[in-house]
């Protein structure tokens, strides 16, 4: 069974690669989708459309260009994995979770124990909470077994 | 025109009351909906279903009970106002924004200038960004004029 | 806030009345909806359309007439409460749960502890599991508080 | 015409294999999908995410992991076959039927005559009722003829 | 329970009145909706928009004006009753049935026994088949009982 | 551009073959879908599930089996062509048209001039009315041009 | 029958008043909805959220605020009347037509004969084309007759 | 990642070719879809169905045939690019934008600065505004990067 997984959230650690390598080692047939994870490139995604002097509109223009990519990827994914790290606001990750919930698209969260309480609404609609990358790999192995 | 507004997000300041009073003074016919804003009561929303020793499941049980209320309110609202304050993670607010976006339900954000960058994906799908409660009141006055 | 609750499942005990009385005592504004709970009348719901000699078609004809009522009620309900008792197959109750899950309609289950394991798929999509009628009443009180 | 069939329900007999072999012998191009049918593995589907001491939460965690698989499979299937056997509660099978009904996804039931009455609501929305595996094979042959 | 019933099909007998009087006598709270049943007026529904010399376009213009009314009524109805008489092609009635089926809107058919075979696809998705107006009244009484 | 066309309606003339040959001669890449057009086989589609002594239920059982095929085909088609001939009631063809209309699925009708008036509601939602098979072929050629 | 009509398009003539007075004279129970028709106020709809030096963003901010109103009104309307005048680009009116078409919301167009050709795609999905306000009034009278 | 882009709007300049060549030079895997851009052929799209003496019906017939093509293409596209030039009414382009907005289908606009004001409602729902073909190419490069 071919399967598409969108990996949302944290872009400052290598969790996407760890999970990808883990499922490749198991021979699973998964296509991984992700936002542009180069932070400066992502912030500048709309700059080619015109320089903005106002921060709000620069961010607005760039985030809409990013949305063309991410919205399409989420909608075609079979499963979304959403990673919350220990830095930054990460409201985009929670936004993706809400988007999935409304679509009825299954997602699983990946975060440490100390984020349980602030993520309780996000976890309430999640299909699984993983604390480690290995748990995500094992979940994918289970779900995709023949 | 009767109108329903769901007020999502920050529960530690009186922004909901300020907006309500503002539109009442203008004679606008608006029904305001909101989550349970008593923080300890909200955290304990599911405790009557059984005490949980594990924090994750206590939060899980409570947040699902809260969801019965908030999901129904968001779905029947004409407009959602989402407030981000200067404290806490507020992932539930971003989650609500994503939920609205996927439903095609209009929402507006209410937050200070220093949150522009971390909220750029949330603002990208918003129909307005207000910095003050008064701007929300004025937006409602404009939208609901005869 | 006016609210509609559809009460699905067991028809041989008075759980619907207990919950109704409980929320009336609290002054909650709830309209309760339910299938026809007179068992022989329900089995005979389609007999006026023509006597059937074959059991399958008699049941088929009657259950479709019942469905006109129950499908409409579930779709207009804000919340569905699904009761599993200790007798009978009660597949109709599990069917209603699946129907709600696909619609994104919140439901809560009401059953004893010894049914946890066979109901695990039904509970997985539920917004709350109550063991007693009083817990359902308390959940409604919480959800509907001003 | 390539076709996907999801086989829901009873996991203690070889009905899935019998049907698969039957349609293979006819040269039909069908991809069969199914839940994980290894009962202990299915009950333990979520154990890798953390041991749960409370039975309810262990089952909850596992059934949600199973749901990632089964929900996706049902949604992509062209047809769902739902088998009710003579043992166990099998509420998950009735739940799947309700889920299909709400989606407008065609399903057929497979069960013995003595289950007609308790399954009448499930059969009311079914596109066919088969008593034997051979009848399911013949139905698939008919539906998929060139 | 207030209820809306759209009455589709035959416009040359008084079946609508018979059913209406029947449920009024029972005290049922039903709002009946119907197409314009004055045949010449219905054929001329679009003539005020411009005289058409070509029959096809005259009919096209009129049937679209009628559709504004009937489409809205079907979509807001709780139940649709579709009557097939013994004259005319009545393709509009079968069209309404297909429209309801795709929307998941319950409908019941009302026709004599000699139409069973040509209506088999229409009846396959119907929630009941009535042979007499009295059977429709009794079905409504059953569905709407307190 | 690969394209799927479902051909609904009349099963007693060779119109499906004429259109198929016409577009093959033009080199168009079209997959044609159709109901089972062997009339006795179609009437007997459900007989293998059990002999029915009552005509209504025999037809009911068979038409639901046919529906598994036709419902799936209509939903995956890019375009539906619906042929009305000069014999029989053909309510199934009008039913398919209504089904397409509610789904927003484009369909075109194929019928002689003398059916304009009784088909006016069906044609009102159609994307084209063709009088000859050649006109359907030409429509497909136009729509599918590079 | 109570009815909601959204009046989209031209804001420089009094067509909305003429139609409203026309149906009031007939005693029709219609609630009319409309965008803010004060042109300068509409252009300034978002100015209270912050002055924009860039024309594009000023227009962007204002048109999103207007959209909160118009999107909600279109979605709750039973019918949309779209007026194209002889001045300006009026792309917002064509946009509303496309929006209605995708929602399956019936709309009628109101424009002079010399706009037939450029509006052909808009008229193709319309339920009626009126040349005069009186024709719209007559259409509403017909649709809403008892 | 394979990707489908529908190119709506202006048919009198070579903007489609410029963008196609631009992304081919970058090695992007994009399937481009477009309406029939031969203006006289498009106006005559329905003529083979019967000559119409009335301009309105000739245009009506042709635009519905064109709609079979364009509606299907828009619905399967991942992204729609909508070009507004300096001539003609181009209401079909704005119509397509509204259609996309209601479906939640991302679109970007391509137009000169002097059209900012009349296109403000169209741009309000757009995911990007490009002034040049090169900006569209760059947007596609960004969105489709590995």
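We just call them A, B, C, D, E, F, G and H in the order they show up, numbering each chain from 1.
Just so it is clear, contacts are C-beta pairs under 8 Å (C-beta built on N, C-alpha and C of every residue); 3 or more make two chains touch, one makes a residue touch a chain.
Since the structure is predicted, the reported quantities are computational estimates derived from the model, not experimental observations.
K.L.:
Which is the least count of steps on a path of touching chains running from subunit B to subunit F?
P.N.:
Shortest path length, in steps: 2.
K.L.:
Are the two sides of the subunit D and subunit F contact the same residues or different ones, given that same means over half of the numbers occur on both copies?
P.N.:
Under half of the interface numbering overlaps between copies: different.
K.L.:
So subunit C and subunit D are the same sequence; what rotation in degrees superposes their CA atoms, nearest 5?
P.N.:
The C-alpha superposition of subunit C onto subunit D needs 180 degrees.
K.L.:
How many Å are there between the centre of subunit B and the centre of subunit D, using C-alpha atoms for each centre?
P.N.:
That gives a centre separation of 40 Å.
K.L.:
In angstrom, rounded to a whole number, how far apart do the mean CA points of subunit B and subunit C lie?
P.N.:
31
K.L.:
Hey, how far is the Cα centre of subunit E from the one of subunit F, in Å?
P.N.:
23
K.L.:
Provide the C-alpha centroid distance between subunit A and subunit F, rounded to the nearest whole angstrom.
P.N.:
Between these chains, centre-to-centre, one finds 44 Å.
K.L.:
Which subunit H residues sit where two or more other chains touch them?
P.N.:
Each of 64, 67, 129 in subunit H touches at least two other chains.
K.L.:
Could you please specify the touching residues of subunit C with respect to subunit F in the complex?
P.N.:
52, 54, 57
K.L.:
Any idea which subunit G residues touch subunit E in the complex?
P.N.:
My answer: residues 1, 78-79, 106, 108, 127-131, 135, 138-139, 142-145.
K.L.:
Hey, which residues of subunit D end up touching subunit A in the complex?
P.N.:
33, 36, 41, 45-46, 48-50, 61, 64-65, 67-69, 71-72
K.L.:
Please output the residues of subunit A touching subunit B within their complex, sorted ascending.
P.N.:
55-56, 59-60, 62-64, 66-67, 84, 88-103, 115-125, 129
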